[in-house]
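After this come two complexes, each holding chain A, first together with chain B and then together with chain C.
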Partner chain A sequence: MSKTVDINEQHVTRVEGHGNIRVRASDGAVEQVEWQVPEAPRFFEAMVRGRDYQDIQTIVSRICGICSVTHSLAAIKAIEAAMGISVSEQTDKLRILTHYGEQLESHSLHVGYLVAPDLLGVNSVLPLVESHPDVVKTIIRIHRLGNDWMELLGGRRTHPVTLRPGGFGKLPRESELKKLRNDLENIIPDLKTVAQVIGDLAPKLPAFNRDTEYISLLNEGEYSFYHGRIASTDTEETKDVDEFESVVNEYVSPQSTAKWTRWHRDAYAVGALARFNLNAEELKPLAKETAQNLGLTQGCCNPFMNNVAQVVECVQVVEHGIELLDDVLSQGIEEEVPAPKPAPGTGVGCVEAPRGILFHKYSFDEHGVCQGGNICIPTNQNHANIQKDFESFVPQIIDRDQEEVRLLLEMLVRSYDPCISCSTHYLNVDFV
Partner chain B sequence: MDKPTVGIFDFACCEGCQLQIVNMEEELLDLVSVINPVQWREGSSDKAERVDIAIVEGSITRAEDEEHAHDIRSRAGIVIAIGACATFGGVNKLKNNFDLAEVKQYVYGDSARMHHLNTQPTKGINEVIHVDYNIQGCPMNEKEFSYAVRCLAKGVEPVIPNHPVCVECKMRGNVCRYEYNEICLGPLTRAGCNAPCPTGGFWCFGCRGWVDNPNTDAARDIMDYYGLTVEQLKGKMRLFNSKQEHTDE
Partner chain C sequence: MGDDGIGVHVVRELAAEHGPFPDTEISDLGTPGMALLHSIAERHKVILVDCADFDQPAGTCRCFSPEQAHSVKKMSGFSLHEGDLFQILKISRDLGEAPSETILVGIQPGNVSPKERLSPAVTKQMNDYVNLLKKLICNTDCRPCGNPPK
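Presenting the complex of A and B:
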């Protein structure tokens, strides 16, 4: 068959940040396939130098609006590691709860507002308000709960202010936590509805599989977002988060203003599917049941199933969130005032962002003044893998109509839930 | 009157202000009853040639971004800048306190000279094109945004507060952050946010920029009273307001 395909999609839509897709083929032979990241770099690692340690999370939270809790927590953990600051069990649990609110908000936004339009054949969520009003209202209820959850514990919906080195600047009241617990209990039917809707649409996800290395946190006895060691599906060996630089092996690609990464192979993937593949046996009962109903099994190498894994994680954070709240409430909230003392040192903080594992590293002098930083973002870690998926996927679909090829590649990028502002910003399809 | 067409555009930023548009939840559905969104890359695949209102997020950091900003201006009736990055540069301007070549070298090492990593000093949108209205904050306040867009859709001038955050902070009954030995920028910063940061046990870091004619004499008196220095105050001011009027004088 004689066919020429030329896709040159500048700034892929319905993703956070700017990315371009470039595909060129003639006579059915693929000549060029590129995932390009043209996002304007912002140089956070250089900008934190000279700032007081108490200002760091305020700055680096601005790397990403939608993962601002995760960035704040990774920075604070790094500061505490650098200065030998320990926190109470209460602080630990409340931080994880704050983080769960962000997971619910981010995942519901991605699956409900950015991915669902593809599966229902429209360009945005707005036409769905007319065609599927009940589904949209269900998604809004879940999304708003994620936001209210973050606002209660973090002080704001975006860019939290209560999270500080050493503890919480302001603690929630027990009555507020009881109300949150009640709200979480009441959202479960809505989550089941969304799982049902996504289950019905899942057959529309392309059956594309490519053997992939997945990387996430791993901590015994829990489905981990916050504690643990770095694990890979390629090896039994785990690494301490302090050794993250030997895992990510960052390098600069001419296709991208975001750095790329590789560990055991030329690319690896992070995110909900990576966490699921490494942690699935630790899911809570309802989350496990949701995965089964959605046909998601450990070892899945279909990147489109990341959307499904996000639905499973929405259930997981609500289910475990209720347990954590019961635990905190049974002990009562103890008033604590963070009293950190600056000290010289270097530390690493690692937290699972909604879109994958995130590392922050900072050095401080004896006055707590930042001397430098290194930040490795989940979307950076996925860029090389998106490129490898493209190289494998495009030859399988190149005979299809050009518009369909473009849509499928956009859906593939979207399935990673890229946060390109984070990684630097990106999405465009360019068929040449 | 036809519903005004609206486009949303973004430059270097965290896209947290666009997130606040989504965070309007049901009210967003209500807002689209008075406006017609025709281009919003983050939320929709639709694209438009001309818009009545352009909403612009993020800072300008490259020559190609300046061109894009001029293009948006030429296609738009009204331009609204949203958030600190767009309205005055915000946290992105911390970069301007350093030597740019050194900053690039620090982040990208030996690859820093690659052409696609080029960068310029950070600018707010208003330093590149004429901006008609500013919605301040990091992130912007979604209620203020909704109010301003509704006003403009009806041809009414929105009123943006020009008093300091302290007014709203006092109304929320907070203890002053200076009583906790912290430097708070509430006395200088434009209100309209309802003081969420002091209410959340943190200081105001000035993300909405300064009020017009801030009372800098009073700010100096506060430093004296609490045994702090003007230099310490300026250090905090540089976090979001580097290279701005009042910060470096």
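Presenting the complex of A and C:
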């Protein structure tokens, strides 16, 4: 059989940012397979130089409209580490709760608006409003709750204003937290509905498995999004977040304006599936049951199952969110006014963004003026792994119709929930 | 933003110099995509102000209902911020949570290249836009008709 495949997809849709798929094959022989990132650089590390430490989280929040809470928290943790600022238990719990709102908002958006169309055979969520109105309504209710959750604790739906070094600029009222708790309780049936829908559609996900190194935060006794050490499925050794540069080992690839990373192998993956593979035994009961019902088991190395892991995490953050709210409400909200004092130093902050582990590092002088920053975001840690998946997956599907090959590769990229704009650093390249 | 930022300038002016209005929330909604659904859900009345290209001299203002126009926007599908307002409003109606009344205020841009200020043609009519908004909010002598406001 003589068959030529020539895919030059510019750009992949239903992802954030610009990424290209390039595949060439003749007579079943694959000649070129590339995941390319041509996105323009953002210069955030340059923007924070010379800025006061109190401004940093406000600036870097703008890296992403979807992960703005995560970027704010990573920056604040780095600032606090650099200056030796400690926070109260109340602040810690409220920050985790704020972060959970973003996880719910982001995951529901990705699974509901961006992935579900693939599984239901349409090109966007818009046709689903007519064909599957109840499913869309359910997704919108969950997405709305995620937005409202962030707005209550962060002060607005995106780019939070209450998160400050040392604590919260404005604390929620107990009555508001009680209402949020009630809303979380009431959303559980909707989460079960979505899990059921995704469970019914999951058999449509390609059965593609590639042995992969997964990396995430690990903290004993909890399914960690916020605290812990850097862990890998390849080793029992964990590293302090201060050592992140020896984990990510950033390097330049000529096919990408985003840097690539590697630790024990030539690539690794981060995100919901990585967290699940390293933390699954710490899931709350309903989240654990959801994973079982969806056929998601620890050690899974099918990247398409990342979307299933995101559904499990939606349940996890709601379930644990209710527990945290009960805890906070039982103690009562104590008024606190953050009063940090600037100090010289360098610090690292690490938080799990919805799409994987995120690192921020800043140095400050004695006046609290930023001298330099280094930000390593999850999607740029996934680019090399996407390339490795492509190299393994394409030969398995190259005999299929070209449009099917293109769609499957798009779906593979989308399964990572990439935030490509966030991942780009400056680099001059010419694409061949 | 150049004149594509007109909505931001109008709501700032309205909120800073003329507000607050009773039972009225004035917001810069950014580029929300599907999240616009949440902002407008089950409101009594929604007025959306934005730059709109309808092939008229720069600064021309049109006030209309969604039924009085249709979108010719071509979606690239590249960005999560992308959205066709008319499609979002239709989804809102299909979901049964559309506002009782929706009014669109479109202002023809003169320049939408990367900038930090409005073009002179749009700037000089800022007071007219704000006065129109005040009338629409207060329901005084102003209904969406698709014609330039008098």
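The rule is simple: the second predicted complex is superposed on the first by the 424 of 432 C-alpha atoms of A that agree within 3 Å, B and C clash if a C-alpha of one lies under 4 Å from a C-alpha of the other, contacts with A are read in each partner's own complex, and residues count from 1 in each chain.
The rule is short, and it goes like this: contacts are C-beta pairs under 8 Å (C-beta built on N, C-alpha and C of every residue); 3 or more make two chains touch, one makes a residue touch a chain.
These figures come from a predicted structure and were not determined experimentally.
When both complexes are superposed on chain A, chain B and chain C end up clashing with one another. In the overlay built on the shared chain, the residue A:I140 is in contact with chain B and with chain C. By the touch criterion defined above, A:C64 reaches chain B but does not reach chain C. Within the superposed three-chain model, A:T193 lies out of touch with both chain B and chain C [touch as defined at top]. More residues of chain A are touched by B (comparison of chain B with chain C).
Residue contacts after overlaying the shared chain place A:N219 against neither chain B nor chain C. In the superposition on chain A, A:Q402 makes contact with neither chain B nor chain C. In the superposed model, A:V161 lies in contact with chain B only, and not with chain C.
Look at A:G169: by the touch rule set out above, it reaches chain B but stays clear of chain C.
Contacts of A:E45 after superposition on the shared chain: chain B is touched, whereas chain C is not.
Look at A:N293: by the touch rule set out above, it reaches neither chain B nor chain C.
Across the two superposed structures, the residue set of chain A contacted by chain B and also by chain C is 11, 13-14, 16, 18, 65-66, 109, 113-114, 123-126, 129, 137, 140, 143-144, 147, 157-158.
Looking at the complex, you find that chain A touches chain B at residues 11, 13-18, 38-43, 45-47, 49-52, 55, 58-59, 62-66, 68, 109, 113-114, 117, 123-126, 129, 137, 140, 143-144, 147, 154-162, 164, 168-170, 252, 254, 256-257, 259, 372, 421-422, 425.
Across the interface of their complex, chain A is touched by residues 10-20, 22-23, 25-26, 29, 32, 37, 40-46, 58, 61-62, 65, 90-92, 94-95, 97-98, 102-104, 106-109, 111, 114, 116-117, 119, 138-139, 196-197, 199-202, 205, 235-236, 239 of chain B. Only residues 30, 34-35, 37-38, 41, 76-81, 87, 90-91, 94-95 of chain C touch chain A when the two sit together in their complex.
The part of chain A that touches chain C in the complex is made up of residues 11, 13-14, 16, 18, 65-66, 109, 113-114, 123-126, 129-130, 133, 136-137, 140, 143-144, 147-148, 157-158.
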